[in-house]
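Both complexes below contain chain A, partnered by chain B and then by chain C.
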Partner chain A sequence: MFGKKSWKKKRLQEVSGDLNPKTVADLYAQLKDYPDFTHFEYKGSRFHCWISFFRSLVDVDYVHRDILSYLSEQSVHSLSDIQNRLPIEKLIRTKDVSEIQSKLLRNYVIIQEKEHDPDCLIVPMIPIVRRQVVQPEIETSIIGPKEGFVEALDVNLSLVRQRIPIPQCSVEEVTVGKISNTRVSLIYIEGIANEENVNTVRQRIRDLEVSSLIDVTMLADLISDNCHSPFPQFIDTERPDRAAGAVYEGKIAVLVDGSPSALILPSTIVEFFSAFDDYFLAWHIGSGYRLIRLFFVVLSSVAPSLYVAVLTYHYQLIPKELLGSLILSRSIVPFDPIMEALILEVMIELLREAGARLPTKVGQTIGIVGGIVIGTASVQAGLTSNVLLIIVAMSALGSFITPNYRMATTIRFLRFPFLISAGVLGLPGLALCITFFICHLLKLTSLGRPYIEPIYPLRVTDLKDAFIRLPYSAQITRPMFLRPGDATRSNPRRIRMKRGPRQPDIDE
Partner chain B sequence: MKRKAAAALLMAVSLAGCVPTNIIDDILMVEAEGYDYLGNGRVYGTVTMPNYVAGGAQGAGGGGVPTTAAMMWLAEGATYDGKSLVDKFQSKGQRPLRVGKLRVMLFDKEYAKHGLKKQIEFRNRDPDTARDLYLAVVDGSANKLLSGKYQTAIPISRYVSDMIDQNQNQNYPTNDAHDVFFSYYGNYMDPFMPMIKKRGKHLEMQGLALFKKDKYALSIPERDAFVFKMLYEPFNQGVYDYEFMPRKHVALRNVNARVQYRVRNGNGAEPDIKAKVSIEGQVRQAAPGTIGEVPIEEIEDGMEKELEQKAAEMVGKFQKKSIDPLRLGDRVRSFTRRFDGDTWQDRYPNAHFHCSVQIDINQTGISR
Partner chain C sequence: MSQKISEANKISPIGAFFLPHSMELGVGALSIHRIVSQYSGHDAWIPVLLFGLSTVGLMWMAFRLLEKERANGGSDIFSINQRFFGRWLGGAMNVIPLIYLALFGFVLLRSYIQILQIWIFPQLPTWGYVIIYCLMVWYIVIGGIRTVTGISLLSFFFMLPVFFTFLTSVRGAHYANILPMFDHGPVEILKGFKACTHSYLGCPMVFFFYPFLKRPERAEKWSYFSLLLMTYTYVTMMILGLLYFSQGEIKTLVWPTMSYWKTFVPILDSVDVFFVIYWLWILLPSTCFAAWALSRGMKRVFYLKQKHALVFVLIGFICASEWVRDAREINWLTKVFAELGFYTFFVYIPFLFVYQWIFYKVRRKNA
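Take a look at the complex of A and B:
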């Protein structure tokens, strides 16, 4: 009788009806009951008009100062007079209802001569101020710029634009989301950014079929090459200096309105482990920190599983000096090493999650309770061994060392498959699991560019800013990974000319 | 593809129980094996496991399983020659015995004379054991050595292996299972092992036991170990005690010693083997009236002569027994084009060995 289709159709009819307003009158009828919608007739001495805007979107002070004060002038007789008189740029005069609607729901003020007159003047106004620009909270740095992105797209744009004051720095705006109509901005430098990359990003964003877009990470998931991968394929940063730095290199930055971070595309895996601080320190020291970070990230993902594999299957590998303390610390533990390790790992995850969910002040308490009370108590109760506690704590630290939070969660996640495979098959199992992940990384791409680029395919010139950071004088070329339009940052010939021939010292 | 991957995963997980585990606190790791020959193809075997003494975790209140201090640490019994002792004593084990951390294998002299072929070949075949374990010959009973009481509370296996290890850094030639197997299986060479003895409440090194293939043939005393090592490999930190005049000793601590071989007439009936040893050293211990009062060249010359003579005597003994622990045959082979290996055994006793030692004492300590 009733097929599925007809039922669905019926439901759609019932629910949606036709809610899109056809005329300005319809629009006002829909909005008039909302408490934050302001719609009133201005009655000046000579001229009457209707003014409508959302108090929740437009700063009312500026409406008073910049619009109403001009309306009362003697010479204003019509909408055209206002248009000529108002000292505001980009006034729009239109009869298009959909445009009126979309502007009304942004920071614009609509002025009409009569209430239901389709002829409208759209005046851009200052939006209500959201959060102030503050210090970045996730990617903090001790020295260097202290600005962080905020939720307002225009503020974020200005933060980036101020750093790239050239006409080639182009900003494209795309609207994403059927309901949310979120503004998404692409920033790149024409001539440096690879055109293919720009086209790919633009196409992927334009073709999105979503109803809403809340954050930049959501966008990252939607436009990523492989959304099933645990590895994030684009860097998200809340530092405008880092975003600008990436744009200079020839990357593309994407900003989403309402999101306090920028997306940098494309990215390689090594970049996730470089903090922007590295660039502010002397190159050896910056490189040293980078190496420490990479080493501990690797250690953190395999250390607990190595412990499990060696203690369960490969007792031959333990040095004789360690044997005693390992056996002693294990001897009162009733569980297998794998169970013991899983218990501790889950406990650490629990602590982290509890710390993240609780308010900051209580969160610190949780850290102390978890770290000291549960840690030592579980060892004394004989649930876990001392040595494993150290290893697990070390590896937790090692994963928190990752500057990018999304990558840090990935590193923490990786430990579990490693642990289980080590518990199941020992070192061969661990090797198998690592092989699996390496194969996955080999296949992974970021905007179609290889994800583990300086390593495979090997690009020796790109190694200058991967595991170590060479001094800026050695960073003459832009990353080959990006295939930039202009490959060099500075002209080597001119550098040589400026340096001139070598002058022997006076006592040489 | 997905189905295959899922099947592989399922298999890996469900077959996981089939992999035998060796959780370190659930096994007994055998660290020393001792063999005493009973005659007629039977041996008396002894194995020891280390015993970890501890009071459990601090504040544990005695909870959990008793610590390993309460574990057995020795098993012994008679078996046939060539049987794996760990397998033999498995039935006596409180927990599974595992052989992977084996540190020392001790053989008594009788067993060494009988031949260690079965043990060497069995141990070589076993991938579970490390190659850096020490094989040693015991002057006396291996069982008594392993089960005896000592001044130290450290497990006997550690005691033995630490003692051998630190001596091999000094006067004794480096020689672990790997070297023994190499010499045993290699052509034109014979293995040797350190010899140890229990004396009262302690152990001591007794020199080297030299083998003819797998059979004990000859021993050299501890004071000749320096000469042996000097001809065998480059080394430092050895000490040579030289009696300059009756009751006046000079002890040379070498900071460097090198040996270079030259071979002539390698395929002839009487090959010429020349060893050129150069020793740099320092003197710290000297009887009054030697260093500082006698020209140092005189002491050097005397020492050189003595070492040359001792080296010649030692190799002469080897040739008489036709054993080759110094791997001279292999050195001759490496110097000789189209080396005639088949007749080497007959030609080896007739080879002319000549050793020249060059001693350079470059430091004699504070003199005034």
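Take a look at the complex of A and C:
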């Protein structure tokens, strides 16, 4: 037993050997064999120097145009001359190897007089262009802005910054990941965002002990209040307009380099069901769509389990008129309702997964074939009943109208515990299971703020942008949920003054 | 003994509206028609109204008691008892509220399971349901009073549509059923008044959650509203029930409310099944609050950790629900509890109120 323990200890022991290079020479020795590493001696007519950069990180055209052309000038004799001549801002002159290393692995060019000279000039360069800004693909909207976040952090920052052109909009950068050194940016408006929220987010991100950070959803999981909850606690959005809107409200947006979406925190559960389109339509219509969405989400998660519970245990609930057609469609099915429903649900899940994994063109074909096979053939083969097929298909549709994909998957997941509890204990079981999830939501927090906020704690003022969206003229205060530094969006007294006195009578 | 309660664990004044409301509404609402009208006949709405108004008076006394006690730190029934009657006698008196709470939670839970067994699953094993249910209560109560208040708030909103279903009984109403009014003598009315206790047992819960209220002086108003709304609900339910059922019928129905639901057919047949299950949300806040208050009381009286006390309480519920076997025993327990409740309301609380008045008079004279 002792041996086993010590083996585990040994395995988990941190590797102490310092792999980081001590000198510039060590660094080059490590890098020189890499095919994308460019390291050469520039031999001008008067001046020789060593230039090194990564072709895969720096746009070579700009190196030719902006650096090499200046090196050949007559007046250049030393590194200081280059520093004075190059028309590029923020040149760094340093002997610090760790800084040289980190800059070399970003979009910088290193210039030295001799190959192993510790004295280096670090020149910022244009990075290789990544994906262009295109339309958002998940959160599409019919009207409204059409830009979506891309993978490059600086581009994303500019997309948000362009929408908030004030000096109070502060951007903080934190580096996360022992190995990856991923850049993470916090965006918020000073004076509007709650100080405590900002501190909490900053603290949680700084305290992270991870080796790498690939995507913003990974960050969301790491800094969430309860990582065991199936419900996502922070909204991720790929729309810069939505992120900017949230920042104006007093929330905090977090961007991660290499991730095409932003995290908005803190969030409440109702916000996951509001599409950004709701804000572009007239308020009654936007509210109507929002209510439809909420209704069908609830219905879609409980409909199959209601079917199972009623058909297994509570057949007295079924009206006489419906009984005939139900018997007809169920008579050739050999399974219990619970088995029948589980088979169909798993099949739908399979179809969804196949659609998501397969390449687009194949995926479409498979989707149609799968739909036909599962739809009609399974009914004809007597595996499922027609009625259940309608219910399951409708509830699959219902779960996908959730605008946020992570929430949609949660809603899809919920139906399985519901189904099983309905199969075991009928309606009382279903009620207990739903109650359990409601209690879970009641206890959940997002950044320490209550997750189902406008409902509990009951804040009537926040209900105006939760289930329904009142017109903008009614929304003169920011959500109380965020405890914003500046509570009002606009001055109600001034609005009244501008509106002028009320019309005394008709036609006056 | 009483640590300071941090602001983060307190509930807003409006909590004093939802908590008493959801505590009062229990299984009693299903049988109130039969229980009261077996004494007061078709005038049964009068004692219900009178009792409802008297709960407001009780609430006023409770707030006066607790307000004076607030100067001495955390003020609940336990600290009041200890201050008035000394350490030993007060400690012994503290057992009374504990018994009250235990019966409050347990009677409700056991009667609900009985209804489930009669109405839906005759073979449902009591222990199975109770264990699942108690796990859920545990999950809620470890979240503290804020979560319990959240449950009672949700319960209030979930129950709103249920109350509107009673309105459909107007179609089948026979207005002659409650005429002539004031046909019963004062003795019969008083008997009915005593029988009402069964439905109003959740009223004195303010003695337990008072120290957790933010700005209790603003909460007072809310708690009166809550009691008045509950009185209004009970009186309307009573009147509608009396109009819908004849006196002969009402005496034979064990749960007249459910018999009414049986006749109410919106889309599905026999929605009473549905409503019985929906009634879970009436049960949940009361049992959660009872478990919370009981475990907190045990912490204050026996110096246990509340976490551990909660486990004891829930295990106690599970064991006791096996021990009480049939409807006769449940009825007996309910009667005992109603009796205890009646004397708590009209002897114990007024006594404390008068005692406090004398206590402070004497003390001022001495000082």
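Here is the rule we go by: the second predicted complex is superposed on the first by the 485 of 508 C-alpha atoms of A that agree within 3 Å, B and C clash if a C-alpha of one lies under 4 Å from a C-alpha of the other, contacts with A are read in each partner's own complex, and residues count from 1 in each chain.
Definition applied: contacts are C-beta pairs under 8 Å (C-beta built on N, C-alpha and C of every residue); 3 or more make two chains touch, one makes a residue touch a chain.
Note that the structure is predicted; figures quoted are calculated from it, not measured.
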Combined model on chain A where chain B meets chain C, clash or fit: clash
Which superposed partner A:427 touches (first chain B, second chain C, both, neither): second
Which of chain B and chain C A:184 touches, first, second, both or neither: neither
In the superposition, chain B vs chain C on chain A residues touched: B
Contacts of A:456 with chain B and chain C, given as first, second, both or neither: second
Which superposed partner A:319 touches (first chain B, second chain C, both, neither): second
Touching partner for A:51 - first (chain B), second (chain C), both, neither: neither
First (chain B), second (chain C), both or neither touched by A:381: first
Touched partner set for A:438, first chain B, second chain C, both or neither: second
First, second, both or neither for A:294, with chain B first and chain C second: neither
Against chain C, colliding segment of chain B, chosen among 98-106, 116-124, 278-286 or 332-340: 332-340
Contacts on chain A seen with chain B and repeated with chain C across the two complexes: 313-314, 316, 318, 320, 426
Contacting residues of chain A [partner chain C, same complex]: 313-314, 316-320, 426-428, 431-432, 435-436, 438-440, 442-443, 455-458
Chain A residues within the chain B interface of the complex: 311-316, 318, 320, 323-324, 326-334, 336-337, 379-382, 386, 421, 423-426, 429
Of chain C, residues touching chain A in the complex: 12, 14, 116, 120-121, 124, 129, 132-133, 136, 139-140, 143, 147, 149-151, 153-154, 157, 267-271, 273-274, 277-278, 280-281, 284
Touch list for chain B against partner chain A, complex: 12-13, 16, 19, 21-25, 27, 29, 50, 52, 54, 56-61, 63-65, 67-68, 98, 100-101, 103, 128, 130, 158
